[in-house]
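Below you will find the structure I want to go over with you.
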Amino acid sequence: MTIRVLVWGENVHEQDDAEVARLYPQGMHGCIAAGLGEDPEIQARTTTLQEPEHGLTQDALDSTDVLVWWGHVAHDRVAESVVERVHARVLEGMGLVVLHSGHFSRIFKRLMGTTCSLGRWREDGERERLWVVDPAHPIVQGIGECIELPQAEMYGEPFAVPKPDEVVFVSAFEGGEAFRSGLTYQRGGGRIFYFRPGHETFPIYHDVAIRRVLKNAVRWTGWRDVSGH
Amino acid sequence: MTIRVLVWGENVHEQDDAEVARLYPQGMHGCIAAGLGEDPEIQARTTTLQEPEHGLTQDALDSTDVLVWWGHVAHDRVAESVVERVHARVLEGMGLVVLHSGHFSRIFKRLMGTTCSLGRWREDGERERLWVVDPAHPIVQGIGECIELPQAEMYGEPFAVPKPDEVVFVSAFEGGEAFRSGLTYQRGGGRIFYFRPGHETFPIYHDVAIRRVLKNAVRWTGWRDVSGH
Amino acid sequence: MTIRVLVWGENVHEQDDAEVARLYPQGMHGCIAAGLGEDPEIQARTTTLQEPEHGLTQDALDSTDVLVWWGHVAHDRVAESVVERVHARVLEGMGLVVLHSGHFSRIFKRLMGTTCSLGRWREDGERERLWVVDPAHPIVQGIGECIELPQAEMYGEPFAVPKPDEVVFVSAFEGGEAFRSGLTYQRGGGRIFYFRPGHETFPIYHDVAIRRVLKNAVRWTGWRDVSGH
Amino acid sequence: MTIRVLVWGENVHEQDDAEVARLYPQGMHGCIAAGLGEDPEIQARTTTLQEPEHGLTQDALDSTDVLVWWGHVAHDRVAESVVERVHARVLEGMGLVVLHSGHFSRIFKRLMGTTCSLGRWREDGERERLWVVDPAHPIVQGIGECIELPQAEMYGEPFAVPKPDEVVFVSAFEGGEAFRSGLTYQRGGGRIFYFRPGHETFPIYHDVAIRRVLKNAVRWTGWRDVSGH
């Protein structure tokens, strides 16, 4: 079994900000795809906002089992027609992994039906600890009790999303804030995982534990019946 | 304490169909509002699709604690700008009671993020029994173990909505179908209750038990802190 | 990967009732295990109440990935010490599939923390239709929209269990009752599936669709991380 | 309407530890009851482990709408018969507020069906911030975005409880741990609120915000239909 993943990158910071380009020379999407590719059963491609139809044509989506989404400053440049197409594919059964500032993407807000706003945030490069709340969940296999990120952007509650089906991680930040950082939802036939870490100015997608979570999340959201009965 | 309710009626069948007009001479919205008005703490007004801005101006919504929604054949005549306004008010804390074919209204689909489609339906005037699944829920107080409707339109699973916060009623129909008929959701600060019964060609909103559920649902979705501490 | 299943049978009706013995010459547990064995990745053994420690020694449990439980008239003959041992193993991660009248078993009540009583029941051999509420759930793969059983014992709501993590099936009975018939729970590291069908006087565990659900349920509750990273 | 509350105190530390006796001269139960009594609609009595039947006779429970539970070092001195009686009353509809180390009480474990163990804990008098996750929940009315306790015992995830119906608070501790600190459950007809704060060596039940949460929690768990229809 191969899980076909499409990693979608906004790809704006990488072009505008030398620090981001230095951390992510192949783009954040490229780094994320490289991490997923460590799993021999995951086949990861990338595409970006700048491609025609943002690289999210019907053909591209039809050959995708899991879409991974990273966006931040250009949410409003994503065409409504593309959002509708992705939305329909998720309901049909495509998995979706939404990363970090993707909480404010059109596709996530469409699926959630709420504002998806944060209670607070701060870019101070503070330590974040993501604590595993449900050690039996497939998404945290191979992770210890906690992931520590030495530097992260802080997100604080209340996170204005519907009640998640499952809370997998809860974060505590150096400055004293807390956040539900790993959340699952099912919408139609599609499984969705929101995963908080990932600011562009920190090397978070190079982290081994974060990469493990992403591989697990792709396997979990990309679940298909392969029992062959 | 008074709960200010606005009952929104599509008011198309009542104009087009003599049978509906006979069953609901004041419109379905009028009948629903009359039922709610039996509760001295509920103050129920009505408005319809045909009013300017469908009667859902910012002023009207700002003075509404709970909006009750009945629509069926004219969902696409509801202006997008009005849907956005209602959506914002629900997230802000206004209660919303969505009735019967309102499952396909723009506002409900916006809040749910899914297609909200039915697995099947049939207009054969069959008996429906709505079984109480959670006897301790505020919405079923004063109802016995079951509500029996001698004639109803059938709705069958799968109902393509997100997992509800609470399942309050499950229906069995004479023809052998089943449906989750009373569902609660919270979105932002707003409480939402979806309640299945209510086809226009049956006198369902005259039924005493149905009226009791609607009064309870208005009290539950219209919850406000009145403790005064 | 092999999933090691232990099917536990109360094995009282099979000894006392000629009709049951005729329907289930190898016992209900034997029939259930035979159905599971159709899946080449499931290795199913059986044991019964009458064995020393009811066949549920620590060794037996330690080599079990999923325990399937069928009991009815002898719940109080199951020793408390065995219930505690099974309870501990479920929390540790063993899957548990509880069938039909097993809703009143000590182990299920211990895990649920409620009475697990039924609102009503009736042994009249009525038709039951189990409607799939969540077509994307692993447990219903290969099942169509509905399973029809020509004759079943009726169980009616309210079913006094905690709110399930997931409702997979909802039944409608010929007599007009409804019941949530397929429910999932996680307790500690263990996944639990309650599945309603299975009265001893009907050939339900010979049914192809029921057998498919049981195989799926064993795969779902017996989930283990085998990604090998 | 009056809500009749019984505050149950283990009352061991207060007898054994001069520091606790100084902070809580009327016992922790006495302090909690005094705080609840600030609400004119709450009538709070107290009782303790040392009373006959621990003060939890059938009569006492029958005249109680909400039981508040504080225990720590003497969980195993609570008689099984009393646990069963309290359990039955909760399922029947009595509210239950379980505080701090009461997570390990027999009654809470009985209702949850899991070990209810903590991932970690530390008594270092660290700062705790309890962040409101659901600002619309009745239990957090009158509380700002966060409650700050200058000194608290730390509890860390994973907290081995079933998935809560609602997560109301998430805590971050000075040392970097996180914990789901305010959780709701319904079991049978009873509403349950678990609230983490409350170590005996800190003056936590004198805190205004904590007292407000307790009053709200009593109102929420003690909900009764008073609509009089």
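Structure notes:
To keep things simple, chains are lettered A, B, C and D as they appear, and every chain counts its residues starting from 1.
The criterion applied here is as follows: a residue touches a chain if its C-beta (ideal position, glycine included) is under 8 Å from a C-beta of that chain, and two chains touch if they have at least 3 such contacts.
Small disclaimer: the values here were computed from a predicted structure and weren't measured.
The chain pair with the larger count of C-beta pairs in contact, out of A-D and B-D, is A-D. Repeated interface: A-C and one of A-B, C-D or B-D share more than half of their contact pairs by residue number, and that pair is B-D. Mean C-alpha positions place chain B and chain D at a centre distance of 36 Å.
Residue positions of chain B touching 2 or more other chains, listed in rising order: 134-135, 163, 186, 188. Taken together, the chain A residues at the contact with chain D in this complex read 119, 127, 129, 131-135, 145, 156-159, 163, 166-167, 170-174, 176-180. Touching chain D in their complex are the following residues of chain B: 39, 93, 134-136, 138, 141-142, 186, 188-190, 212, 215-216, 219, 223, 225, 227, 229. Listed in rising order, the residues of chain A touching chain B in the complex are 91, 110-115, 160, 162-163, 165, 185-188.
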